[in-house]
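Shared between the two complexes below is subunit A, which pairs with subunit B and subunit C, respectively.
Now for the complex of A and B:
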C-alpha cells in the first residue's frame, strides 16, 4: 500500500522523439492517493496501458520520476517495486495446477507454505475456482484462465498497488458483474491502491472513487463520476462519458450570451475567454428540454431504448441528441430550451470558467 | 449406422494410392520378396524362409552396427537438443540481428549432404585442412583416418554443425510465438530466469521440440552420406553405422537376401523406436487434458 506520485512523466517508444506528437504519453503529473481506487478511462491507443506499465516498471519512462511514498523508484525493477498487475488477456502457467498458479507469486518470494495455503484458499473461494484447484491450468476456458490471472494479482497481501489492464475483457457479462463487485469489496477490506484501466465507462464509473480520463496521451480530467458527468473539463470527456455523449455546438460568445447559428442562448455568467479561436457550447442531452417553447429544431430519428427515448435532431444545422422520458409527446413543431446551469463553454476543447452575473 | 457408399470418392484417393504404391509399397514388397529367398543371379530364386533373418539376428556384425548407431543417435541428441535450445533462447527477438541469425542458422541446412562430408573431409586433413592442421600445430595428435576416437569425434561434430540449426529454428519458432504478456506477468510474479524457462518457454516449445527430437532421431539413425564420405565407415568398422553396413552388404558383397532381411529389421526398429519416442513424449500432454 503506497501513495504513488508521477512526477512529470513522459514516454516515447522511439528514442528519437522530439515533437510532442512523438510521445505516446505526453506530460503526466499526478498523485495517486494511498488506498484509492482509480479507473483510467480512455479510448484504445490513448496511452493508458503505457502509463500502467510505467507504474509497474515494465517500461522505463523517457522523462520524469515515479515515487512510491516519496521514495524514487524510477530505476527499480518490477520485482523490487512490489506491484501486482493483471493483463488484458489471460496469462497462466500451463503446466501448473490452478493452485500452484495462484501460489506462484508467493512461493517466488519465499512466503512460508502455511501462509501460502491460507492466501491461496481465500483467493480460490473468491474467484469460485476451489472446485478445480488441482486441475492443470491448460484445459480451462478463457474466463477461468482470466480468473486465475486475476487471482494471481490479488494473492499477495503486501503489494504497493494492484494494476488492472482491462482485466474483464474476456469474461462473460454476468461474471463481469460478480467479479467487479468482488474487486470493489476487496478494495474496501484491504485498502490496496488500485488502478483499473478500461475503455468501458460503466466499468470505470462503478469501480472507481476517482476516474482519470485520458485522451491522446494526456490526462484530460480527474474527478468523481458525478463531476465527469456534470462538468466535463474537455469536450472529449463530454463526448466519451454518457450515452449519448454531450452535444458540442460551435458557438460565438458575447458577454453572457452565446450564439449558435442564428439563435442566442443566455449563459449563467460571462465566460473568461482570452482570445481563443475555437469556441464551442456543450450541453448534455439530458439537460435539453423538448416542448413548444424555445428554439426550433428538426427531428431526424427517434430511438426507443426502453425507459428513455433518444431523439436525434438537427439544431441550426448541427446534429444534436436529446434524451427524454419514454412517455414524452413529441410536438409537431418541436422546440427546445437548454438548462442554463448545465451549459458549458469550451475554448479550444477546454472548459472555461464563467463569472457570475 | 448407415454408411454412404460413393464410388466416385475412389477417383480422389487413387492418385495418392498409386503414388504411394510406386514410392513405398512396391519397393518394400520387393525387399520382402528378396528377404525370404536366395539368388545366385540369372533370375533364379530359391526359397530361404526365415534363414536370412536368423542369420542377421545372430550375427555380431549387425548387433555391433546397431549398438554404434544407437550410441551415435543418443550422443547427437544429447548435444543438439540442449545446444539448440540454448542458441534459440539467445537469438535476438527483433531488429537487424533476426534476419542475420536466421540466414546463418539456415546455411548448414542448405548444403547437400555429400558436400558437408567433403567439407569436413578437407577441413580435418592434417596436411591442408584448417582444423587438422591447427590441431596438430597445437601439438594435439589428431587423425580421423587412423584413430577411431578421432573419427567418432569428427563425425559427431560434423553432425552437430550440420543439424543443430534445425533444432534452433524449430525452437526459435516456438519462442517467438510467446506473447510479451507472459514475460511481463512473470516479472510481476517475481519469477526467476529458470522459472521463466521452466514454466513459460519450455511448455510453449514442447510441441516443436517433440518434432525436432523425432526428426533428429530418425535422421541420425539413418545417417549414411556424411560418415561414408568422411570415414567410409572406418577406421576398421568403428564408424560403420547400420545404413553403411547395409550398403556394404547389398552393393559391396551382393548378398541381396541378408541385406533385404536386414533392411526389414532396420525399418521395424526405426518404426518401433519412433513410436516409443512419440508415445513417451506425448503422454504428459494427455494427462494434462
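Now for the complex of A and C:
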C-alpha cells in the first residue's frame, strides 16, 4: 500500500492549450494517506478521470510530479506503478472460468498455487460468485462479469493502490448495495489505498473516508461525507451533494443578519466579507422546517417519494425545496424557518467564515 | 389506449414474457420497474411491434394491431444510448420524423421550436449532437420522440447513461413534459427511486412476469406480494420470519413484538414480515419500543444520513438513520422496528395486509 502525493500537478491536453493556460486539470497539490479510501466525485468533464489517469500512469501530467511513498513515479508506466484497476465495463476473459479469471493476476506473477487458491476462494466468497466458480465467463450477465472485474482488482495483496473508474455503473440497484458494503468491509480489513471515481454521490459518500469534489478542472472541496453535507465550501458542492441539492438564495448581509427579498434572517454570527460582489445564502432542504410560524412560502408541488416528501416552493420569488418525513402534515398557510447553525453564507460561490456572536 | 390481452413471448421453449394483461391509458406515464433481464425490454418490444407475441393480441384505441410491423404503428422510442444523426444539426435531428412524414416547413419550424423550448435546447439548435453534453444529446432524442406525435412513446432506461445530477433534473422535468402530450408513455427503469420520483403508474416485473400494476405510490405502500415489495425497495427491504400467536409475534432468541393493530386480523401461525430501512432505528420511539439485539456488519455515511448494515437471527438488515452513525463492525447493538409500517406475507409470499383490507 502506498501514500500518494500529488505534487503541483496540472494537465492540459495540448501544448497550445497549455500555452494558453487552458488546463483540463487545474493545480492539484495534496497528500493522500496510505490505506485511505478516496472518492473523486463530480459531473462529466470535471477532470476526475484525468486525475485518475494521472495516478494510474495512463496520462503524463503537463506539470508536477506524482509520488508513491515518497518515490517519484511520474515517468513510470502503469504496469511499473504496481496498481490494480477496475473499469466501468467488465474486462474478463470469456473463455476462462470465473475461478481462472480471478486467479489470472496472481498466476501471472507466479504466486504459489496454494496461495492463489486461498485468495481466490476468499474473493469468490466476497463477491458471491462461489457457486459459479467453474463456469466459463462467457454465459454470465453483465453484473456477474463486473463482479469478476471487481474481484480481480482486489485479488492481489501487494498492490500500491486500487483504482476504480465508475465500477458500479452496469450493476442493478440491489446488487449495488451488496457490492458497496462488501467493498467497504474489504477496505477496512485490507487497508488498501483505494481511489474511486464516480458521479454518483451515494456511491462516493458511502464508500470514501474522504470525498474529493471536483468541478471545472479543480478540486473544490476535500472532506468527510458529513463535512460536505453540513459545510459545503462552494455552492457547487451544496448543489451536487444532496437530493435535492442545497437551496442557494441571493442575499444581502448586514452584521449578523441576512436579507433575502423582504425577509430578515438571523445568522449564528457575522460573515467575514471583504468586498465580494455576489452574496448568497445556502440552506439545505433538510434544514428548512415547515410549520405555521415563520416566513411565508407558496407551495408549487409536493412529491411523495415514499420515505419522504419533497416540497417544491417559492420563497421571496426564488425556487426553494424542502424535505420532510413521510408522515408530515402540510399546513394550509405554510411558513418556514431556517435552522441558524445550518445556514451558510457564500461570497462569489465560496463559503465564508462567521465571527462568533 | 393500449391494451395487451394475454400477451406472451417464448423463445427456445422458455417464457421471456409470461401471459400478461395490461391496459395503459392515453396521457399516462407508466413505469416498468424491475432488475436487468426481468422482461422490461422484451415487453416494450412487444408493445412497439418490434417482436411478434407468441400468444395474445395488442389493441391500440380498440384496433387490433397485433400483426402490424413497427413501421406501420405510430411509435417513438428513446434508448439508454444517445441515438441521434451525428451529421445533422440538433434542429434537423428534431425535424427528421416530420420531414419523413412530409410535413410543411412552417409546421416543422413551429414544432421544432416548441419541443426545443420544452427541452431547453433552443441555444443549441444549430450545433451537431456530438458537440453537446450527454444530457443535451438525450434531450435531443426526447424532443424527436415528442414531435413525432406518436401514440406510444417507449423510453428504455433513458437516463441510465447520464450523470446523477442531470438525471435528477430531467426526472423532475419529464412528468411535466409528458403531461403536455397526449401520448401513452412507457418508461423502463431498474431504480425504485426513479419510479417514485416520476410518479404515474408502475408495473413491477420479475423474471418475465408483471407482478403488480397500479398507481406508483400505492404499489410502493401496498405491494400484493413479497416479490413486488422487494422489487420496489431501495435500500433493499428488510425481512424476518416469525410466528404470530394471538397478539404477539414470536421471533428468534425468545424476542417478542406486539402485533400492530393493522395486522391484528391476520391468522395465527408462521409468516414473513417486511419493512423498509427507514422504519428500523437505533433508538426507541413510542412506535418502536422493543429492542432487538443485532450485530453490526458495516456502516455507510451518506452525508445527512447513515446506512448501518446489521445481522439479526441470520437475516441481513439495513438501518437508515438520520445523522452520522459510524458504528464499528461486530458490535452488539439494540435496534427497533416501527411496527406501524410492517408488511406481512404468507408462506406463498402473498400479502396478508392486502387480503385483510380486501376482505374488510
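We adopt the following convention: the second predicted complex is superposed on the first by the 345 of 357 C-alpha atoms of A that agree within 3 Å, B and C clash if a C-alpha of one lies under 4 Å from a C-alpha of the other, contacts with A are read in each partner's own complex, and residues count from 1 in each chain.
Everything that follows uses one rule, which is that contacts are C-beta pairs under 8 Å (C-beta built on N, C-alpha and C of every residue); 3 or more make two chains touch, one makes a residue touch a chain.
The shown structure was predicted, so the numbers you read here are calculated from the model rather than taken from an experiment.
Taken together through their common subunit A, the two structures put subunit B and subunit C side by side without a clash. Contact with neither subunit B nor subunit C is seen for A:341 once the two complexes are overlaid on the shared chain. When both complexes are overlaid on chain A, the residue A:228 reaches subunit C alone and has no touch with subunit B.
Of the two partner chains placed by the overlay, only subunit B lies in contact with A:95; subunit C stays clear of it.
Among subunit B and subunit C, the chain that touches a larger number of residues in subunit A is C.
Contact with neither subunit B nor subunit C is seen for A:254 once the two complexes are overlaid on the shared chain. In the superposed model, A:276 makes contact with neither subunit B nor subunit C.
Look at A:43: by the touch rule set out above, it reaches subunit C but stays clear of subunit B. Using the contact criterion defined above for the overlaid structures, shared-chain residue A:152 touches subunit B, although it does not reach subunit C. Of the two partner chains placed around the shared chain by superposition, neither subunit B nor subunit C is touched by A:75. In the superposition on chain A, A:300 makes contact with neither subunit B nor subunit C.
Closest contact between subunit B and subunit C, by C-alpha atoms in the overlaid model: 13 Å.
By the touch criterion stated above, subunit A contacts subunit B in their complex at residues 53, 56-58, 77-79, 83-85, 87-89, 91, 93-96, 104-105, 108-109, 136, 138-139, 149, 152-153.
The touching residues of subunit C, when paired with subunit A in their complex, are 35-37, 133-134, 163-166, 168, 190-193, 196-197, 199, 217, 220-221, 230, 234-236, 276, 278, 297-298, 300-304, 307, 309, 318, 320, 324, 329.
If you check the complex, the residues on subunit A that touch subunit C are 43-45, 141-143, 172-174, 177, 180-181, 184-185, 188, 199-202, 205-207, 224-226, 228-229, 239-245, 284, 286, 303-307. Touching subunit A in their complex are the following residues of subunit B: 179, 181-182, 184-185, 187-192, 195, 199-200, 203-204, 287-289.
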